[in-house]
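This is the structure, below, for whatever I ask next.
As written, the chain order gives the labels A, B, C and D, with residue 1 at the start of each chain.
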Amino acid sequence: MTVRFGLLGAGRIGKVHARAVGSNPQAKLVAVADAFEKAAKELAASYGAEVRSIEAIEKAADIDAVIICTPTDTHADLIERFARAGKAIFCEKPIDLDVKRVEKCLAVVDKTKAALMVGFNRRFDPHFAAVRKAIDDGAVGKVEQVVITSRDPGAPPVDYIKRSGGIFRDMTIHDFDMARFLLGEEPVAVSAHASVLVDKKIGEAGDFDSVSVILETASGKQAVISNSRRATYGYDQRIEVHGSKGMVAAENQRPVSIEVASEKGYVRPPLHDFFMTRYIDAYANEIATFIEATTTGKKASPSGKDGLIALKIADAALKSAKQGKTIRLDK
Amino acid sequence: MTVRFGLLGAGRIGKVHARAVGSNPQAKLVAVADAFEKAAKELAASYGAEVRSIEAIEKAADIDAVIICTPTDTHADLIERFARAGKAIFCEKPIDLDVKRVEKCLAVVDKTKAALMVGFNRRFDPHFAAVRKAIDDGAVGKVEQVVITSRDPGAPPVDYIKRSGGIFRDMTIHDFDMARFLLGEEPVAVSAHASVLVDKKIGEAGDFDSVSVILETASGKQAVISNSRRATYGYDQRIEVHGSKGMVAAENQRPVSIEVASEKGYVRPPLHDFFMTRYIDAYANEIATFIEATTTGKKASPSGKDGLIALKIADAALKSAKQGKTIRLDK
Amino acid sequence: MTVRFGLLGAGRIGKVHARAVGSNPQAKLVAVADAFEKAAKELAASYGAEVRSIEAIEKAADIDAVIICTPTDTHADLIERFARAGKAIFCEKPIDLDVKRVEKCLAVVDKTKAALMVGFNRRFDPHFAAVRKAIDDGAVGKVEQVVITSRDPGAPPVDYIKRSGGIFRDMTIHDFDMARFLLGEEPVAVSAHASVLVDKKIGEAGDFDSVSVILETASGKQAVISNSRRATYGYDQRIEVHGSKGMVAAENQRPVSIEVASEKGYVRPPLHDFFMTRYIDAYANEIATFIEATTTGKKASPSGKDGLIALKIADAALKSAKQGKTIRLDK
Amino acid sequence: MTVRFGLLGAGRIGKVHARAVGSNPQAKLVAVADAFEKAAKELAASYGAEVRSIEAIEKAADIDAVIICTPTDTHADLIERFARAGKAIFCEKPIDLDVKRVEKCLAVVDKTKAALMVGFNRRFDPHFAAVRKAIDDGAVGKVEQVVITSRDPGAPPVDYIKRSGGIFRDMTIHDFDMARFLLGEEPVAVSAHASVLVDKKIGEAGDFDSVSVILETASGKQAVISNSRRATYGYDQRIEVHGSKGMVAAENQRPVSIEVASEKGYVRPPLHDFFMTRYIDAYANEIATFIEATTTGKKASPSGKDGLIALKIADAALKSAKQGKTIRLDK
């Protein structure tokens, strides 16, 4: 079976997903929709696809699945529409910035029994996936503590930040999902500290740029997350999982792994400077997983519920940071 | 000038300090006191020193300075006695497990104008000291976030744990001091999560074995600490300091740095399995610093006040973990 | 301009090059030829190409360039035919195992002014290319010594070895090319030692499996190469270049960069176990370079002459190892 | 039993050995001799030893063993004198620069049955010793190829070079000994290439500064050595041993193991800049081994014969480099 795709949104992440579809022998890109027609046309042309309206894709008999890469505030509506249209749905995170809206959307998904997968791409990074596999293989025994480092090369434009839902819902949410993925148990309490240390304008926009978070599960497992919107040396993404038998860690990825030694010491080039090059394999594996799930009828993961829980943790973290107190998630 | 030393306590840490004194050309070990006479005799013999009582050392004209390595509950009394006796004092941490007792003790130190240095040895580790120096040299710009990993190879006996004051006052206190050393600004809030994941007996003794802590300063700088009483792969001690211009990190130390590659992969031997071998250089540098301060009359650092502040943070962390809320230190 | 390709040989390396052509926006795979028709059909189908005979490709007006991935003993004949047919030629190494045959072939290439590029893929590995770039940027000053490690995961079948021309012409030849690429000056003397340590059958087939070689240039620069047909831990490919100002090195590449720490120590997974996964980027960059050269009319490098010189060094190394003496290349 | 030492030579290496004796509970430094009396006095004073003449040490009843750290051209004479005097002898390498002189000296040692240990300190480096131990433990199976990198921070003064016997006898000799130590089989052939790339004055003094050497044993095992008199990034000392089951390597040692990341990349400080700090543990272990051998009557290793064989290899390497041919050692 070949999965026939409609792509909603032809921006930079849309292009990444189009390439993943195009290079997968079990998938075909049939149609592209974008409010900006030139972008849609160019992307469609590269893969022998057509430009269609969202409505046309909704009704098309030759489309099995859609990938939603439109602006965040359209995600929930589109999920509902395509769930009702009987299409398999891959939606970029987040479903929505408002928990209530997400819950309403997921109710529609449940009722229509639509297949919905949410784009937490990092689970599909080969190195992070290998960490999860090492845990499953018993390499570290029972998981006890998770340490996640996540630092971006630079802050996005303040305009983006204003409509991003803030650092916890936009950036740390990936780490909340990763913590859940690795802990294997739901967090029940969150303590977060958040500051503006990188750029005052971020603070003026009502957001933070430097945060530290502890999550704790019912059995006492802990995850520690540290985030910054700026890392001069590149995209700093590391995880460590400590358990009863040992530790497993995934180190940073480097575009070029050479080292120059001189009287100044030993110098290695900076890390990747862009999340799309850093996670290029992760995006391809993510879409391959969605295609596989669509083909076999297996439940796609991470699910809408995974998206919802990560958002609830983000909301709690924000409340914790603002009120200066630990927030319980189980109350 | 040669600094003439009396050593109070001939246990394992006493031996480490005796060696540091013995190999320092500006110092001489004159007398050793220990309730267990055989230990005192043996240690004294190795360095051409005498066995004397604490009283005799107190009154001795040929003793300039003392090193206090006796049980914790005698520290404050001994500091007061030797402060009054006009000796320079190096005391192993902690001064006492009770903040009020420490404050009373430091009042005596202040009044007598005694020179008091407290044994936070990690500041003197060549690698951690090089991190501090890199910060001072501007390598990372303005410090923003500190990440400290501190994991012991194995838990001490439960008997020790019962009188240790608990993990925050016994183990994390080193990391609190390190965080202050690196942040360059006092923490004003602490959020701590603590669990019993390693050994139930530790829980039955009223203590925790796995903790995660966030410290925040007035200007919003953050320090994240993660501790466990057990690391199967050895003594795991790492620090990272993130700033406006970059990051500086100190990696783990290994007793043997070889690597074996085979069909199983690349294998490096475990880390040091004992804090005394891990920090052997730190102990020597620490005593050398005390000797230097005693010789020159400069103020020894870390001071009694450093010991007091670290203890207050430990108390706040314990309160935070027990009550499940962020604790303010500035109120 | 789009370069229209004929592919000669649909084996595993043919597939790698087909993919490189297929994913390059400036190229199109038009035809595939292979004595084994099923292989040709399957590969052609994947890229919308036709199956044609070699003769048909030779005469085709819609083919600008060919990639030769047929058995080694056909390379020289095919290069001559397609040189005369006016096609741009990319040929897998080696041109031939016999120096005289190569010289005759290159005379035809010269006469016809055909564009010929030879497949020394390692020059196009991003990490090795970065080493070359670092040298060009002056990072190590004047090059003095090159150290090349090249160990295969396992020996090829003895049948392959028998017709391979031997380890120096089959395996070390890549390192000879790399040494020339990095030294920036031609070797004039070679000392080689060769043994059978891995598998007696290799010795019975008249070949060696473990070799060490020193190359020296006229100005006294040295390159040291060590090879083995077996490395239990994977595909071990490292280079170091030492110069007057310092050193630049490229480390091994790993398919998964995680590390597991336990009481056994720190364990990283083995290296790549196959040259095609190890050098996947190199193959893509190599074909991209050939396409670029074909489009712009620039001279493609490495050239036929590069192939010839590497072969001459291989012959000299074999003679050195067999006769137990240093061989001059400049006499 | 306490071994009572006479030290001949109070220069910088004499000081290193004096410290090793002084800190060993089974040894005592009794006397120091040096033509430069001030040096002898100062060193003797630090360890409670006396200044004596060589003659007095030779006849002393209270001296069990001597450490010879005088200029090279006095070594053989002193070994003979102290062998006849019945003292255990530790002599810095080399015994002499002339093979015949060494053979004559060792004949005296044999006849007098004197205990003689030669100072190839690197065998006692904890990391290199761990490599040897890994081989003994079967970690790499049967040894096949050894790769040794040995680069000095900077060249010694030309005056020293003139009387050093040349790079092979002065510097590479350590690597020849290390190769024998690791191969576990005697080399029978040597191919060496030697150049002057670092400093013309070294060439004018009749020596080389950059050499590459291959050693081969009777069974075909190979060792590859690369040397330079200059490494801008510090004292570069690495070994790799490849065998039938895998590889074991010892990496460089660093005085400070921190890393700074910034927009320039990841920077680690240079390596040790002096062999005495690099090999401080090796020197202490070496003398401890000699003391242990003297106490127990076990044969000390490396022996005089080890010194002789390494010198013969050095002579052959020089001949190989000068004559441009492989030299057999077994003929």
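Assume a contact is a pair of C-beta atoms (placed from the backbone, for glycine too) under 8 Å apart; a residue touches a chain by one contact, two chains touch by 3 or more.
Protein names from UniProt, one per chain: A, B, C, D = Inositol 2-dehydrogenase.
Only a predicted model underlies this, so the values are computations on that prediction, with no experimental measurement involved.
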item: Selected from A-C, B-D or B-C, interface repeating A-D by over half of its contact pairs; value: B-C
item: Furthest chain, CA centroid comparison against subunit C; value: B
item: Chain pair with more C-beta contacts, B-C versus A-B; value: A-B
item: CA centroid of subunit A to CA centroid of subunit B, Å; value: 41
item: Between subunit B and subunit C, centroid-to-centroid distance (C-alpha), Å; value: 57
item: Multi-partner residues of subunit B (each touching 2 or more other chains); value: 231-233, 245-247, 261-263, 269
item: For the subunit C and subunit D complex, residues of the former touching the latter; value: 142, 144-145, 147, 149, 151, 189, 191, 193, 195-198, 210-214, 216, 219-222, 224, 226, 228, 230-233, 236, 242, 244-247, 320, 324-326, 328
item: Residues of subunit D that touch subunit B when the two form their complex; value: 23, 25, 46, 126-127, 130-131, 134, 139-140, 245-251, 253, 255-263, 269
item: Contact footprint of subunit A on subunit D as seen in their complex; value: 231-233, 261-270
